[in-house]
Structure formats: structure tokens, C-alpha cells
Amino acid sequence: APIFDKEMYQDNSVAGVATGLAWTQSGGEILFIESSLSKGRGTFTLSGQLGEVMRESAMAALSYLKAHAEELGIDYRIFSHYDLHIHVPAGAVPKDGPSAGITMFTSLASVYTQQKIKEKLAMTGEITLRGKVLPVGGIKEKVLAARRAGIEEIILSVKNKKDIDEIEKEYIKDLKFHFVETIQEVLDLALTKEKVKKPLIFKIEENNPSTSQN
Amino acid sequence: APIFDKEMYQDNSVAGVATGLAWTQSGGEILFIESSLSKGRGTFTLSGQLGEVMRESAMAALSYLKAHAEELGIDYRIFSHYDLHIHVPAGAVPKDGPSAGITMFTSLASVYTQQKIKEKLAMTGEITLRGKVLPVGGIKEKVLAARRAGIEEIILSVKNKKDIDEIEKEYIKDLKFHFVETIQEVLDLALTKEKVKKPLIFKIEENNPSTSQN
Amino acid sequence: APIFDKEMYQDNSVAGVATGLAWTQSGGEILFIESSLSKGRGTFTLSGQLGEVMRESAMAALSYLKAHAEELGIDYRIFSHYDLHIHVPAGAVPKDGPSAGITMFTSLASVYTQQKIKEKLAMTGEITLRGKVLPVGGIKEKVLAARRAGIEEIILSVKNKKDIDEIEKEYIKDLKFHFVETIQEVLDLALTKEKVKKPLIFKIEENNPSTSQN
Amino acid sequence: APIFDKEMYQDNSVAGVATGLAWTQSGGEILFIESSLSKGRGTFTLSGQLGEVMRESAMAALSYLKAHAEELGIDYRIFSHYDLHIHVPAGAVPKDGPSAGITMFTSLASVYTQQKIKEKLAMTGEITLRGKVLPVGGIKEKVLAARRAGIEEIILSVKNKKDIDEIEKEYIKDLKFHFVETIQEVLDLALTKEKVKKPLIFKIEENNPSTSQN
Amino acid sequence: APIFDKEMYQDNSVAGVATGLAWTQSGGEILFIESSLSKGRGTFTLSGQLGEVMRESAMAALSYLKAHAEELGIDYRIFSHYDLHIHVPAGAVPKDGPSAGITMFTSLASVYTQQKIKEKLAMTGEITLRGKVLPVGGIKEKVLAARRAGIEEIILSVKNKKDIDEIEKEYIKDLKFHFVETIQEVLDLALTKEKVKKPLIFKIEENNPSTSQN
Amino acid sequence: APIFDKEMYQDNSVAGVATGLAWTQSGGEILFIESSLSKGRGTFTLSGQLGEVMRESAMAALSYLKAHAEELGIDYRIFSHYDLHIHVPAGAVPKDGPSAGITMFTSLASVYTQQKIKEKLAMTGEITLRGKVLPVGGIKEKVLAARRAGIEEIILSVKNKKDIDEIEKEYIKDLKFHFVETIQEVLDLALTKEKVKKPLIFKIEENNPSTSQN
């Protein structure tokens, strides 16, 4: 039996939800990276039975975002005035590997800017701190799963182009592929300029009790 | 022998006590999620021999609540001026899994608003950070246990409707089911507008020694 | 050989010492829960080779006490201006289980109010955050041990009444049993209004170096 | 071969060095508990390959001392302005058990008061938070080792008197035994009123950078 | 199959990316040490499945840099006002050993000065706190891998010169070797005086909320 | 093969580098204890694959130094305004045992005073908090290794004199031995009054952002 409950692409109405692709023993699956912010003092929580490599991916995605906050128009004070939680459902399924890296980055970019992610878009690729997108495995299974789930566009590393070329054309004729080298390209493709419906209005209260008490 | 001492539904007079459903080797059981607040500086304690997945569920429930505190009318300063403890009796019985997620959320919503939870209501379902309610297992056993314990209404994920449809009607004719997709629906069903008898009056003392000393 | 050195009930002259009942391979024993406070900044130390379940019991007992401090007449600032240590002798004997829960609560109530615990009283029962007293095992052995140690009254969960009813009357004719449902009842039975001989005088120095340095 | 290098009693010129008795596979040994203070902010370090029970003994000894600081004439601010280190040589020999408890307490009482410990005195006994001295094992071997090492007086729990009575008189005729019930008795016997030669002069600088920076 | 994806030297346009040499079961490889800074309060994160020895190398590299910050023209306040992340792709490949020490140091020197690292340069060698460069293993395999990846210059410990002398000349005729004894020599060879294209402008805001809130 | 790369004594130009003696399966070796300070807030880092006993030795050495800072002329504020790192190369070789204790103390004394350590001097011995130097094992192998490495003087515990007496005179005729009882004697022998070439000038900036931000 599939370990992920077969998921369909849903919508892009909530900030911080990006669609990734996972490779499991029973084939490919889509998965959602969910990022959420709440007033606090900059703590960072990860959940969803994530293995060590996937946790390190999340840390790399966050460091890259923080190091490039200014370019993204993110007030850096948000990082120390809001708590961040990244969760990957389903919560009982162990997950690991570096391939969610760029999905995690996209999720973070969306939640910190409150901008929508492009609709019906999925992605898979490793992130590095210098902004490269590295190739990952299981491409064929991931792509077929994306199609079944209603995905229309997929972002991959240029080094994964050869894996797409090996898939029979008729299976993927209705999918659009984007082969990228850098995180900046991922961002340009995935993050729209449109805010989500009920965007979080960030409040940086300099002298409130929440921030002065620690 | 059953590992949970057979419990009956009790009452909704104490804030922060929500009724969940567990699935054990010896069948279904009801269980209570107990949340408690005391003046402090925002620490979070979990107890009751909870496994890693159940702990992550509690963290997701809390993050969702914090991210939506304003909509719930919760003064966000409570999170940093009160300590939170979530306990699940019986304290010696190991428990795990994601199915208590929405019960934990309901317990938290009640303790932070000091509003009563609807009487004779139980629930089971996984929570996600984007506010979806995911299906869980063991539905038949859980439902029968709820009935034995005096429960009259049950909240489930819409994706668990098929599990209810497979149960013989006569066993569940006196139960009312609510099939939901989102946490917001859980909240609308489970949290009454009525305060508990002796509600905790939150005090946010801006310059008291307890908060300024750290 | 008994793993606990056979202890006799001593006296109630020191605040924070409550008498519990343990169930070991070699039969029942009384045990002492010792709570101690010293000026500090609210740290919490547990010792006596306590297992995970017993540690969680202590945490639940403390959370319940903190959440009900006002009703007990405890200035909540004591929690952040004094360090708490709970120790259970003998220090080399591993101990576990939830049954010391209400004993731990009673020990804490005594040390934070500096009121005497009723003489020649022992108790055994699990504590929950909502204030229920749950039943525990090994009742017969525990009760016989209490009698040998000079105990005259015992507090138990109402759900343990059936275990007492099964003991031959002649063994327990000189013991008085209190069957309770809530922690409040334990408190009414166990904590006297009388202060201990040399009560600790709590000092909350708002701007002293000890509290301002962190 | 003995695992402790055969030690002789040395002298009482340094504050915080108390003589305990250990029981090893190759017989009894004396051991030194060394406590040291240095300006800091109240950290607590333990070393000497101490097992969990022995570490908990040290914590109990420290808590008892702190809770009774006023009676000992110790300015409680020292606890937060000086760092404490307890070390037990030889550093590579694993040590465990509760029997060093009263020796640790005596070492702490000496280092925080800078008073000398009585000469040629050793002790062995478990400490409890309520101030009782509990009996320990290996008495015969420990006593013989003490004699070989030049010890003239030994403090024991009254409950260990029966172990002394079983030793042939001629082996112990030149030793003086003190059987105690409480820590207070240990203190009265072991801590002299005389300061050590170069006593540490405690400085509590209220607004210095060392204490205000954290 | 090679566990590292065969990498080619890329360019020196990003600060904090230095090229090291790894020795794997399938031969030598180049690897990138990526260091990144973002506004924060001086936290230090390591990722890339690094073993304990490699983590200690990173700590030694950072300590050496901090101890010599003034000589490098680094404002020491940057260390407490910016968070540091060192990542080594590929993120799923376990890596260990001390040989990346001088590469880590070079990466750090570049990111804290925002100066370019010399082009087409790789290095391998252990770092020590006193500034020595110690020899490492796998030199032949590492050197051949460097050549395949487009590297033109290599820094090694003088004690590794004998390993180079054993390689056939024709394999390495187009490579330039630098044999060094100290970290200072590494720095003189590897760090150019030229700033990277879009250098990070360090901002030390003395009283901003980010730094005053902790 | 020797697990330590055969090292020769180098020089005493860098503060905080002391020469110890190790005993390995392949014989004796010299090893360097490297201590380094950088502006910070008093953190303490240990590296070099040190086992638990060796880490505890380092902690004891540091505590002794701090407790006797005034006698050494060390401004105690340095401890909270500078970060300390102790590293023992080679970084991949596991090391353990108490015998580096006095070498660690000497290294610390040098780095905190910026005074030179006497040339061509090595030492081996356990440190205790009360200032005793305890004997250690492997003396013959250590001494022969010291001689091969160019060492001319060696400090040992008086209790190790018997081990030297057992070595044939001709092997050690050009070595000078110092047998000591206390750390103070080690200090008098090992630490010169001369500052190192480029001494670190300690700066205690009372209100700078580095120290006020925590």
C-alpha cells in the first residue's frame, strides 16, 4: 500500500504551502511543505517525522532566505519577532533526503512575503547555501505522480534534464518543465507578485512585553 | 486486558479538556487531552508517555493556534506570559500517532479562550499547519468505544466518511457524525461561546518581576 | 532482600515531606517525597533515580499546583524566585510509575505553603492535570506496608475502593481509608492549616542581584 | 590491583576538601571530595567519572546547603555570583552510589564558609533533602581503609552502628565513631569554626560587567 | 558508483565558497565548503551530514579566525551580530575527517571579509589552533580529481610534499603546488584583495530590536 | 603504524601551546595542547576527539585556574569577555585519560597571561581541584618519546619518581626531571615571566554591543 495518502494538488490560497515531489517504495507522490509564522521571538520548529538530511535541507533553505532577505523585500526583523514552524504531512510517515530543499525554500519565501505560489506547480531539487540547485533521484516516478495529482508545471535542476529525456513523451506531453541552475530562477518561476487573500500583517513592536521579556 | 482504564465521558466544566479517540490492541478507547496554563514565561511541557509523532502533533496544533490567535480573540501576549502543559492520562500508557491532532487543537482553543467545549463530543483526525483535517485509522473501533463511553457526537475528516459507511447502521444509529475538511470547521463545531464556570482571568503584568527577570 | 530499607513513618515537622506507598518485587513499602526550596530563579530539579513516568507525574503535580496557586494562597512570584528540588530516597533505588502523583502534589503544596501535612497519613494515586485522582495497582501490598510502618490513614482513588474491599478486614481494622475523586479532596484531607515549626519566610526582592542578573 | 591509588589523609588546609570512604572490588579506600569556587554566575560542574546516583547525591547536598544557607551564615548571593565545581579524584576511576552524600555536603559547607573541616575525620552516609543521614554498605571495608589511611574519627548513620558492632574490637580500638541521624549533627561534628589559611574573600559586585552581561 | 556527483570547479563570484578535496572509496573528488552570513545574534549552524571530526575542524577554523580577526580587518562585532551557516553539499553524503580544515578556514575568511578567493584553487590540510597546517591522506587521488575538475593550483602541508613527489610527473605537469606550514600562508595564497561582486554590507545596529531582545 | 604523526618540539612563540606526553599502543608520543581566546562572552569549546576523562581534566584545569586567577594576575573579567577553545591535534585521533591535566593547566595559564612557556619542556600528570599533581602511567614510553622529540626537561608527579628510577640511566642522561607535588610548582617551573611576541591585548569594554546583547 502507498505510504502517502494519495494527495491531489489543492490551491494556492494559503501562504507558505509549496508542492514537492517524493519518491517512495511504492512510487512517486506529491507532498506539501507547510510553513507557518506566529508572533514570538524567532524560534524554529520542524515536524513531520523528518530525517536528519531533510532537517539540514530546511536549515539551508532558511539560511539562504535570511542571507537574501533584502533582495526579497523581507524586513529582517520579522525573523526575530515571529516564530517559524515547518511541517510536512502526513505526520506519521518518516521522510528524508535532500530533494525537498527548493520546495522548502519556496514555502519560506511565500510565508515571509505572504505572496502566492504559482498554481499547479511542483518542484524537486537540492538547495545549497551558494544558491545552486542540485539534481536528485527518482525523477520518472515523481513526474508521473505529479501528473496524476493535477500538477501542470515542474521545476528541476538542469542536471536532471537527462532523466526527463528518458521518459516516453506521451506520458508527459501535458506537463511543462523548467530546468534551473539557481535558487533565483526557482524564485522567479514559483513566487507570484500577488499577495494571498488574508495576508498576515507583520507587526514589529519594538518595546512590547513579548520581545523585552527575554 | 485493556491498556486504558475504561473511561466514561465526564463533563465540560474544566477548560482545556477535550475528548479524543484512541485505537489500541484491545480495541478503541476514549482519551482525554488535558491542557493547563499557569503564570510563567511561555514554556511548553508535554507528558503522558507520548511518542514522537504525537508530540509533533501537539506542536502543530499549538502553532496553528498561535498563527490564528487573533481570529480566536486570544491576546497573543498570553503565549509569553503563561506556561502551557499538555498531559494525556493514563500517565504510564505509551501513546503515539497523529490522530489526536484535532483533539489537541480543541483542548488548546478551550484553555486559551476559557470557553467550554461542546458536551458529549469526541473527535479524531490529524491536523496540518495549513488547517486541513486528514483521515486516520481505526475508525470502527474508535466509534464503538465512543458510544460505550457515552459520547453522542463525533468529528471526523471527510476522508473517513467511507469508514463510517462500512459500519452496520444499528451500532451507530444514536451517534451524530460531523465530517470536516478544515480546522475552522472543528472549531465551529467544538468550541462553545460559553465560558467555563471559574474562568482563569489572564493577567499581563508588563513590568512585574516574573517577566522582567529573564 | 527488600530493595527499600524498611522505613517507619517519622513525623511532620519538616515542610514538603509527604508519605507515599510503593509496590516492589519484595512487597509494599512506604516512601518519602521530599520537596525543598531555596532562593534562586525558578529552576526545577528531580532526583532519586526516578523513571520517565514518575518524572512526568512530578511535572503534572507541579503544573496543577501552579495553575491553582491563587486558591492555595501561594504568591505566584515564589515560583520564579525560588528553586525547587524534589528528591525520593533511597537515592540508589530505581523508581517509576504514576502512583506517587498525588503524594508529589501534597509534598509541593506543603513546601510552597509551609503548612504541615496531617500526621500518620499516606497516599497513593495518579494525578491528572484536570484534577482527577486515578486508580493505581498494588493496593493490598501497599496498605499492609503502610500499617507496618505506623501509618493510620490512607488516601486512595474511589476506583481503588474495590481493592480495599478484597482485603481481609482484620488486617486493616486499625486503618482509616479516604476514597477521593479529585486533587482538591486530597488537599482538604492532607494539608493542615498549621505552619511547620521553622517556616521558610519567602522573600521576593524585586531588584536584588540574584534575580536581575539573568 | 586496587583501582584507587592508595591515598593517605593529608591535611585540612584547603577549604572544600572532605574525606569520604569508598567500597571497591579490592576493598575499602578513602577518597577526597574537592569543591572549588570561582567568580562567575552560579554554574555547577561535576567531574571525576561520577555515575548518575553520585551526581544526584551532589545535587541533593547542594540543595540542602542552599535551603539552609542562612543558618550556616552563607550570603545566598554567593550562589549566583560564583561558579561551583565538585571533582572527585582519581579522574579516570568510575565512581557511583549514594554513600558520598554527607561527604559532599561537608565539602560544600567548607567551601562556602571557608571554614576548616576537622582533622583526620572521614565519613560515609546518604543524604536526603529533609536532612536525614541514611545507612550505606561496605562499612567494615571502609573503616579498615580509613584506619590504614591515618583517619582517627568516622561519621556514620545510626543505622550503621550494627555494622560497627560486628567488627572485631582490636581492629578499631584507635578509631572514634560518631553515629548520627541528621545532617545538622554531621555539620556540628565536621565543620570547625576556624577559617582556612588563605580564605577566599567573597565579592558581590552588584553592577559589574561579569554579572550584568547575561 | 561515485558517491559525490562529479563536480567541476565553478567560479569565485560568491563570497564564502572554497574548494576542498575529498577522498572517497571511489577515488578523489572536489567538494565545496559554503559559508553564509545573515543578520542575527551570532549563532553557528553546520550541515551536510558532517561527522564529529569534521565538525570539530569547523570549530577550530572559526576559533582561529576569531582569534585573528583584527589582523584580517574583521570588525569583531560581526561575530555577535550575524548568524553563520557552513554547509557542505551534497547534503545526503556523509563526510568526515580533518582534511577540510584549511578549506573551511578559507571559506570563513572570504565570507567575513567579502573578498574573493583565488580562482581555480583547491586545498586540503588539517588546521590547528596555533596556526599550523598538518598533513592529510589520500593525496594522489585528491590531486588527480582536482585536475579533472579544472583546478590549476593546490595548497598542501609541506609534510605532504613527499606524497606529491611520488606521483608521476606527466599527470600533474599542469598543476601548481603550494606547500605551506601555517594558516597565514594559506591566507596569503588563497584570499585575494578584491571584494566579490555584490558584497554584503555589514550593519552593526547597536540598539535595534534584533540585538536588544535577548 | 603510529597513530600520532611523529612530532618534534617546535617553539614557544605562540601563547597557550603546551607540550604533553601521550602513551599509545605504538609507544609514547608528544602532543600539543592548544588554547586560544577570542572576544566573546565566556563560552568554552573542546575539540580533538577527546574522551570523557580528558574533557573532565580540561574542566578541572580551567576551574583551578579561575579559582586562582588573582594570584596569577589574571583580570577575572577576561573569563566572561573572551571565548576559550582548547584543541588537541591530530584532530582525527581519539584521545583520553587524565594525564594531560597539568599540561592543560599550563596551556591555560599561558593563554590567559600571554606569557611564554619554558622552552623544550614537557609534562604529564593528573590535576586535582585542590592543586595536587597525581601520578600517571606509561612513564617510560613517554619519557623516551620526549627525548626523541627534542625535549630537555620533564615535569612529573613525585609519585612517578619510582618509574624514572627504573629506566636505564644512559637513555635519560640528557633529560632533566622535575618531581612535583602541587600545581603551584608546575606553574613556577613552566610559565616564564616573559610575554609572547605579539601578545593579545585584552579589552574589557563594559558597555559594548557584544557583551550587552545577551
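Think of it as A, B, C, D, E and F in the order they're written, each chain with its own count starting at 1.
The definition used in the following text is that contacts are C-beta pairs under 8 Å (C-beta built on N, C-alpha and C of every residue); 3 or more make two chains touch, one makes a residue touch a chain.
Just so you know, these numbers come straight off a predicted model, no measurement behind them.
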Suppose you hop from chain B to any chain it touches, then on again the same way; how many hops at least until you reach chain F? 3
Could you tell me which chains make contact with chain C and chain E both? none
Same vs different contact residues, chain E with chain F, by half of numbers used: different
Compared with chain E, which chain's mean CA position is the farthest off? C
Taking each chain's centre as the mean of its CA atoms, how far is chain D from chain F in angstrom? 29
As a quick test, compute the distance in whole Å between the mean CA positions of chain A and chain C. 50
Among chain D residues, those touching two or more other chains are 41, 214
When the ring is traversed from chain B toward chain C, the order is B, C, D, F, E, A
Touching residues (chain side chain E, partner chain F) in the complex: 41, 52-53, 56-57, 59-60, 63-64, 66-67, 69, 76-77, 79-81, 97-98, 101, 126, 128-132, 134-135, 159, 204, 206, 211-212, 214
For the complex, give me every residue of chain E touching chain A. 5, 14, 16-17, 32, 34-41, 45, 47-49, 83, 85, 87, 89-92, 200, 208-210, 213-214
